[in-house]
Structure formats: structure tokens, C-alpha cells
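Encoded as C-alpha cells, the structure appears first; notes follow it.
Chain naming follows the written order as A, B, C and D, and within any one chain the residues start at number 1.
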Amino acid sequence: MDKYILLAQCKDQLNVTAYISSIISNHQSNILHIDHFTEYEKDSSDEGELYLRFEFDKAPDVKEALEAGLHERGITYRLYDSAEKMKIALFVSKEDHAFNELLLRVERGEMPAEIVCVVSNHETNKHFADNLGIPFYHVPSGRDKDIVETEIIEICEKYEVDLIVLAKYMQILTSRLVTRYKNQIINIHHSFLPSFIGANPYKKAWERGVKLVGATSHYVTEDLDEGPIIEQDVIRINHRYNVKDLRKIGRHIESTVLAQAVEYHTEHKVIITEGNKTIVFN
Amino acid sequence: MDKYILLAQCKDQLNVTAYISSIISNHQSNILHIDHFTEYEKDSSDEGELYLRFEFDKAPDVKEALEAGLHERGITYRLYDSAEKMKIALFVSKEDHAFNELLLRVERGEMPAEIVCVVSNHETNKHFADNLGIPFYHVPSGRDKDIVETEIIEICEKYEVDLIVLAKYMQILTSRLVTRYKNQIINIHHSFLPSFIGANPYKKAWERGVKLVGATSHYVTEDLDEGPIIEQDVIRINHRYNVKDLRKIGRHIESTVLAQAVEYHTEHKVIITEGNKTIVFN
Amino acid sequence: MDKYILLAQCKDQLNVTAYISSIISNHQSNILHIDHFTEYEKDSSDEGELYLRFEFDKAPDVKEALEAGLHERGITYRLYDSAEKMKIALFVSKEDHAFNELLLRVERGEMPAEIVCVVSNHETNKHFADNLGIPFYHVPSGRDKDIVETEIIEICEKYEVDLIVLAKYMQILTSRLVTRYKNQIINIHHSFLPSFIGANPYKKAWERGVKLVGATSHYVTEDLDEGPIIEQDVIRINHRYNVKDLRKIGRHIESTVLAQAVEYHTEHKVIITEGNKTIVFN
Amino acid sequence: MDKYILLAQCKDQLNVTAYISSIISNHQSNILHIDHFTEYEKDSSDEGELYLRFEFDKAPDVKEALEAGLHERGITYRLYDSAEKMKIALFVSKEDHAFNELLLRVERGEMPAEIVCVVSNHETNKHFADNLGIPFYHVPSGRDKDIVETEIIEICEKYEVDLIVLAKYMQILTSRLVTRYKNQIINIHHSFLPSFIGANPYKKAWERGVKLVGATSHYVTEDLDEGPIIEQDVIRINHRYNVKDLRKIGRHIESTVLAQAVEYHTEHKVIITEGNKTIVFN
């Protein structure tokens, strides 16, 4: 059942929803789903920012009419065709857990996406990509970052990539790559942010004696570990878990949190706000 | 910030949302929030049932215009004024846990409700009601059910009760009372339904060796334990929990599940479907 | 760091722990960990059944002395060498999720086990086994059960299998195979048992309108869906999940619950009680 | 069923468990439960610290013999009689949620404790204490800290308090009081530590756009928010929660986390390690 998905945002105005839904209805398209959220600065309804998501049936001319209407009112929007799968470049280093979790979920058809290529600074996980017939690119690190990222951008452009997923890709991206794929790079961080920012979070968690450990999936921005959070989860531990056990259980929670975040993104359910946060219409 | 809340349902039609949102906007009322869900029988968009919830600012004549409009289109609806607190009669027997949890949350102003009276077949919890200045009615059981429920209905009618909450009220209601307050009675059941229906669920759970125990809050219908489920939750246990421990931990999960369900109901977030289920717009 | 693991059970007696720990200590072996649990029938300490797990360093003669001592006192026990990995035959039909989750966790060294062979009534998942160099046996169903299970037992005996894991193997085993591998077959059931026993649990869950769905991993006994539960978990859903969505989310919870149950078993942390339950020393 | 509870710790030695369990058994006392945990510095078994908890039946002379034996071997220990309820002074400011949760659980007999007095810098919650017949002391703040804490210590000494619980007592204690009741003061912190240390954690959580909020119960030390963590939990939120909603949901998680931590402590299940962490034998 093909449909369109609209993500829109604007200053809260009197009749935006009536306006949009009328355009859609007037073109004989049925609205399947609406999400609607207004974020208010200070418990006042005057200064809200409105975020919208519509799913509606394909119908003749509805797309063009809607685009014209949104343009006229100055509403920021993105409009997607649900038949078009999102093209993902999957980045990985040596650890396979988050990589395989996402690869297999996509392969099973669990989200509207396809893995068009795998990029890695190691060859460790090549056989997994090969086994599923997915092109694998070994882009070694330890070289000039500019050369490395030039190669990466060439690969991503060749495959017309919509989304880069860093599934335990243990390299810091430069501003150039982050800017080229703004709001199109998702990372998994091995802690419940903002706890334990930086390296060795499981060791820090063990030393602090926390009773839960977690993982955070976020969009990559130029500020390391500070991008908008898409999804987080935690898992209960106890004193019997040593650092090695925390790393093991961390792999499980990292895998599921990243896959969930990517699923939300590929279903066009995520909007990034001005305030460096996400609206996730799930 | 006073507002109206509309709950509506109808067969899925082409422009219901546009129709409703236009009426609201045309009366200079701002839409603060929309929830929109269509349930399809069989993955087809032809036969859907549409459920809607709108929050919108109070404005002159918007209520009357909307009621006329909904009536004209044959849309089933309820329209609430957020300034009007829901009046709850809280029923309890000897155990105080679910009773106190709800009483205290309401007292703190955590939901738009007030406990207008407490009804009990015991006097055990009278002092809690007295301490907060809430009228307490001792309606002993062990008498003819018809007499008992006549007294109950008189009390509820005196206080113009909108909702009866059975917070571990260990008496089975007759069809008469259930019918009088149709979709207005919420119960807490001490298991993760449909597991362990009937008496002694914690003993049964212990005997089966389950690794999680739960609680279920549901609307009361004439079929015991079969009413529409509003909220459920579970808590992890292990082999060290004996039946007494399960009852203790069960009290905690019962308390929070019931309070959450009542909160949803008082915020007008729950719609009961034709299929004996609930839509909870949370 | 190689060590021994002892699982023992007996009627609760005055000095069993002192007796066992003395034998171990007297042979210069350090006790690394003790788990100790007494299950009482009726809150009385008279009729308890004692369950024990010891981890202790390898030391000369400690194994032989302990075996003699346990034998003398009539204590039921199993004694394992932590250096010996458990040999698993992994059974699967068409769905790959639980299969791949376990395969990859074992491959990463997350539990003391190896997958020695894969058995399937379909060839769908052969390439995953091939890619990791694991022998794959296609044992078609639709034939006489006795012939099928004779082939299965031959394969399992050839590989000296310690544990059979049914990772969505959609065939009912006969009493013959269940008896041959008593307490050595682990299954994943696609519901939070005892809810929704039997076929189509996700459809039943959707129809009942539950707010959480779950999965249960249990030992296989001759009574279908009634074996001792090792692990269960649930995941929150809402009205927006249709039956297809429930199946998708069900795959995730099935995968992690089965893998966790198998991990406990391979670490010799599970004891099955007389009462058809499990003690999991986790 | 009265029993003794032993908490002990020492450098890991060859036969400590055999030694202790033999003393107990030799006095005809049955061991009901053992918890045993060795924490190793660096995955080596050489330098471990051993933590033990025994529950055993009362029997003539067993207490004296055990104390003598532990003393002789230089083992640090505490020995409790399960019949002696722990005496709690409950501290609260204006917010009643964590206070009432603990008060009611203790009143129901859910843990081996009694609230012997309530101390508050406000009179807001006096009526709750009065209603249950518990002495209430109004100790106003805004005065010299030394005077305030002198009054507090006098009250606690009068009631021979074993444990001070800060149930949203919004005053910082001085070193004097913390030292006087070392390892005997439990606090609830309104965030998932170490996230959002300091003031206004719910506002900070909202600004960072986290997807879960939590609470942490810990022993109070002289370093604010840095004491050993006893219990933590989190609850899922979404973009629809504003700061006020986070405070509301925060109250629920604070209440249950504090009550659980106090329950563990009163059951003598918690040992504080050298490394500023806790072992919780639950």
C-alpha cells in the first residue's frame, strides 16, 4: 500500500492542520495517520513550534498541490514516498555486534531500507557482507584523514547514500564529512549519555558502581557525544558483573538501541528540533 | 490554560480531520494537540475505524459549532472541558496499597481529578480518608448484594461520580452496577492478564515458576477479568521469591499500574474500541 | 583461569555447606563463588530442598575427593570443568532471527559453548552456517517422524552434543527424542507463558489488546509449552502495533530471551527442581 | 522464624567459608542462606576481597562461638538478630511522595523496620505522621547549621536510631552529622547518577533530550552526590513530557527507588566496599 509521508515544522499557527489536511482531502487522498506536537518554550501557547507528520494515500496531483501549499505558507517540510527504500552505508570497525544486528534486520525486511554498501577500516567483517552479496569497501585508517574521507565520500556518492550508520566505527569523523551528511549520520555510543562521556565508559561505570548500564544512539554533530539523541536504553547489572561482563552486556544493548534508532529514521519518524533534540513519532 | 478535549470515532472517511480542524480553526481556536489512529481490520485501508483526540483552546462558540458539525456527520464523540476535574469514588477493602497510591497522587494534583468519596466494606482504611478530609462510607458486604449495591449507587449519585476505581475492592459487582456505570469502572487485577485468571494468581505464578509477575488495570465488564485492558506492567522476580514475596512485590506493581490507568482515563486519553480493546493516546 | 563448577542438590541438612567447602579447602583449592538456595514447601524450615553451586580452582585430587564425598552423603550432583565448552546442535526452520542471535553470540565467545552443527528442515539458513564453517544438515520434515528423528539422533550422537537448542524449529519433537535428551533441549516460545499457549500467540495478543508482549525460553518436556521456564522477557507495545508489527517485535524479544537462557545453561547456572521449575543462579 | 544474619568481609583466603559454616553447623544451627562474592582487582584470583552473607537459625552459643572465631581470624563482620527491627528516622521537607511511600511500606510490615520518628524543616507533612501515631519533630532550617544538627542528633540519639533516610530532605548535611552516622544515612537523588549531578536535573534532562529519566539512592558521604549507589532505576519518556511532567514522573521513580534501597539495607543485604561501591545480595 504505497503512500506519502510528510514531515513538517513551523511556528505554531491557527490553522496549519486544517490547511494541510484540506489540501490532502481535496485531492481524494485518505489520511492514514497524523502525528502532531507543539513544543512550548515556557508553558505559554504563544510561542510554540509545531511539528507534524502525515501519512496519506497516493492520489493524482496531491504531492504537487501539497508542496505548493506548504511553500506558500513558508512551512519547512520533507515529503517521502514510502515505496522508496532508504539507502544506507553501514560503517563498522572490528566489532560485529551492532553491524550484524542492523544488517540482519534490514535483510529480513523489518524496515524500509537497504544496505547498499559496507565501509570498514578493517577486513574483519568482510565475510558477513560477502555472504549477503553486499559490496564491501576496505578504507584503511592510519592515513591522512582527508584522503580517507575523500574515499568515503566517493563511495557514498556512488551509491547515492541517504544515511550513514556508524555501527561501532571507531574513527572520529571530521567536520567535512559531518557537514556533507548533516543529520544523515547515526552513531551508537556505549553509555547512557550524558553519563560517562568519552572513552572507556564501561570501566567508568564499573568504578562508579552503577546498577544499570546503557547505550545511546544519536545523530552525529561536530561536538562529539553531543548530537541529538534518538534512542536510549539500559539494562540492569549487579556487583557480579566485572568490566568484561559489562562490555558483553553492553554489546547487546548497543545492538538493539542502534537498530531501533535506525528503524525510526528510515520510517521517517524523527524530526530534529532547533534545540538539539529529537521528536520521535513512535 | 483552559482548553477543550475532544474524543471522537467513526468509520474512516476522506476528510474527517480536515472537517474537524477547520471548524476549530474557523472559530479562532488554536489546536494544541492531535492524536489520530485508524485501525484496519485486515491490512486494508478500506474498512478502517478512525479514532481521534483533539486538544484546543477555548474560544467563543467553538464548542457549539463543533457539536453541531459532529452531529451532522454522524461522528460519535465526547467533549470535555479541561477545567472540570473528574469526580472519583474510590473503593477499597482491607489492603491499602493501591488505594493510598491513587489517593496521594490525586491529592498532589498529579491528574485532573478529585476523590469525592471513599467506599469500603471494611473500616480499616477509614483513617486515611479522614486524614485528608474525604467522606468515607462503610458499606458492609455479607448482606444481600442488591441492598449493598443500592447503597453504593445512592452514594455515587449523591456525589455525581464520573468514575469508580476499585483499588483492591474484593467484591464482585453485579450486572446492575456494571451497567449503571458502563465504561466508568476501573479495576486492578493482580496478574499479567490473560495469565493466571481467577483467584490466587501469585500462588499460581510461583507454582509455574515464571520469571516476571505483573498486574493489569482494565475496565470492568460483566465478564470477570475480560474487560478492555488499559495498562499492564511486570516486574522481574527470581527463585528466591516465595509466595509471600510475590504478594509484596505484587502490591507495588498493582499500585503503579492502577494509578497510571486512572491518570490516562482522567486525562481523557482512553477510547474503548468495538473489539473490547483500548486506544490509549499517551 | 580454569576451574570446576559443581551443581548439587539434596534435602536440607545441617552441615552440607561446611562439608563440601571443607573438602574443597582441604585440597588447597580456593572457592571462587558459592550460590546457595533452600526452597521450603510451606514457610517451614523443616522440609527444605537445598540447591548449591560452587566454583573453585582446579587443584590435585580435589575432583576425586569431592565426588567420593558427595557420593557418600547421597547428594545428587554434576561436576563440570570450565575448560570444556558445551557442544550445541542448533535447530532452525525458516526464520533466522533467534538462530543468528545465538550463532553470533557463541562465535564472539560470549558463552562457554560451540555450535558443532546446525540441523534444519529447510535449506534457507544454510549459507549462514556455511559462512562460519559450521556443518549444516538438511533433515526434511514431512516424512515419518521416526525416520526424521533417527537421523537427528545420529547427527547429535556423531557430534557428542550436550545441548539441543530449538531456535524457531517449527516441528514438534516426539517423546523418543525428548527422552533421549532429557533436560538437554531448550526451546523459545513466542509468548509470555502461560499466556497465549498454542498457535498464533501474536494474533491472540493483538485480539486481547495486551499492552506488553513477551517470549519464554524453557526446557522441552513431553507436555508442550509446559516445561520448566528458564527466562522470560516482555516489551511494551501500543494500539499502533498490528499483528505484523507484533511478529516483528516478537522476533527481537525471542532472540534475546533464547540467547540469555542458553548462556545461563552453558555456564552451568541452571538447576531444574522437582516442581518443574528452574533455579537460575545469575 | 528468628535467625541470625552475618555480613562479613576479608581478603580472600583458602577456607573462610568452610571455617564459618563449620562453626555454625557445629552448634546445630542450620544455614538457611549463603551469599558469597569475591571481587578481584584485575581478573586475577590472587588479590580478591571476599564478601559474605549468611542466614542461619538461632541455636545455643552459636553467636558467641562465631564472634570468637571471626575475631580470631581477623574477619570484619556485623552480626544481626532478625527479630530486631531497624529503627529509622525519616527526614522530609515539603514533598511527600518518597516519604509516604516508605512510611506506608514500613507500616504494612514489608521490611524489618519501624519509623521511630519523623524530622522535617517544614510542618507540611506533620499530619501524615500524626495519623500513624509517629512522633514528628519540626526542626526549622534557616538557622545556624550547627544548632540545627545538634537538635537532629539529640532526636536521633533519643530514639537510638539505626538509619536516617532522607526522603527529599532538601538540606545539605554537614560533615559532623555524616560522620556521626557514617554508612547509616540513605538519600534519594533525582537523576540517574552520574548524569545531571547537582540542581535542576529534570530541567537539564529535558534540555538534553534524553529518552529515559531516573533516580538513584545512595549512602550519604561528605562528597555530595558521590556516595555508594544502592539502587537505581529509570523510566521511559518521550518528547511530549515537559519539565513539569518530568518532575511528576520523577516523583514516582524516586519513591520506588528509595523504598527499595531502604528495604535492602534493613534486610542487611548491603555491604559497602573499599571502592565506594555496594554489594547488594538481592
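Operating definition for what follows: contacts are C-beta pairs under 8 Å (C-beta built on N, C-alpha and C of every residue); 3 or more make two chains touch, one makes a residue touch a chain.
Since this is a predicted model, take the numbers as computed values, not measurements.
J.: Could you find the chain whose CA centre sits the greatest distance from that of subunit A?
T.: Here the answer is chain D, farthest from subunit A.
J.: Determine, among C-D, B-C or B-D, the equivalent of interface A-B; equivalence here requires over half of the contact pairs to be the same by residue number.
T.: C-D
J.: Between chain pairs A-D and C-D, which one is joined by a greater number of C-beta pairs in contact?
T.: Spelling it out, more C-beta pairs touch across A-D than across the other pair.
J.: If you average the Cα atoms of subunit A and of subunit D to get two centres, how far apart are those centres in Å?
T.: 41
J.: In whole angstrom, what separates the CA-based centres of subunit C and subunit D?
T.: So the centroids are 36 Å from each other.
J.: Which residues belonging to subunit B are in contact with no fewer than two other chains?
T.: Where subunit B meets two or more other chains at a single residue, that happens at 37, 43.
J.: Note which residues of subunit B are touching subunit A in the complex, please.
T.: Of all residues in subunit B, those touching subunit A are 1, 12, 14-15, 17-18, 21-22, 24-26, 28, 30-38, 43, 45, 57, 236.
J.: Quick one: which bits of subunit B touch subunit C in the complex? Just the residue numbers, please.
T.: 37, 39-40, 43, 192-196, 207-212, 214, 228-234, 238-240, 242, 244, 273, 275-280, 282
J.: Spell out the part of subunit B that touches subunit D in their complex, as residue ranges.
T.: 96-97, 100, 104, 108, 110, 127-128, 131, 248, 251-252, 256
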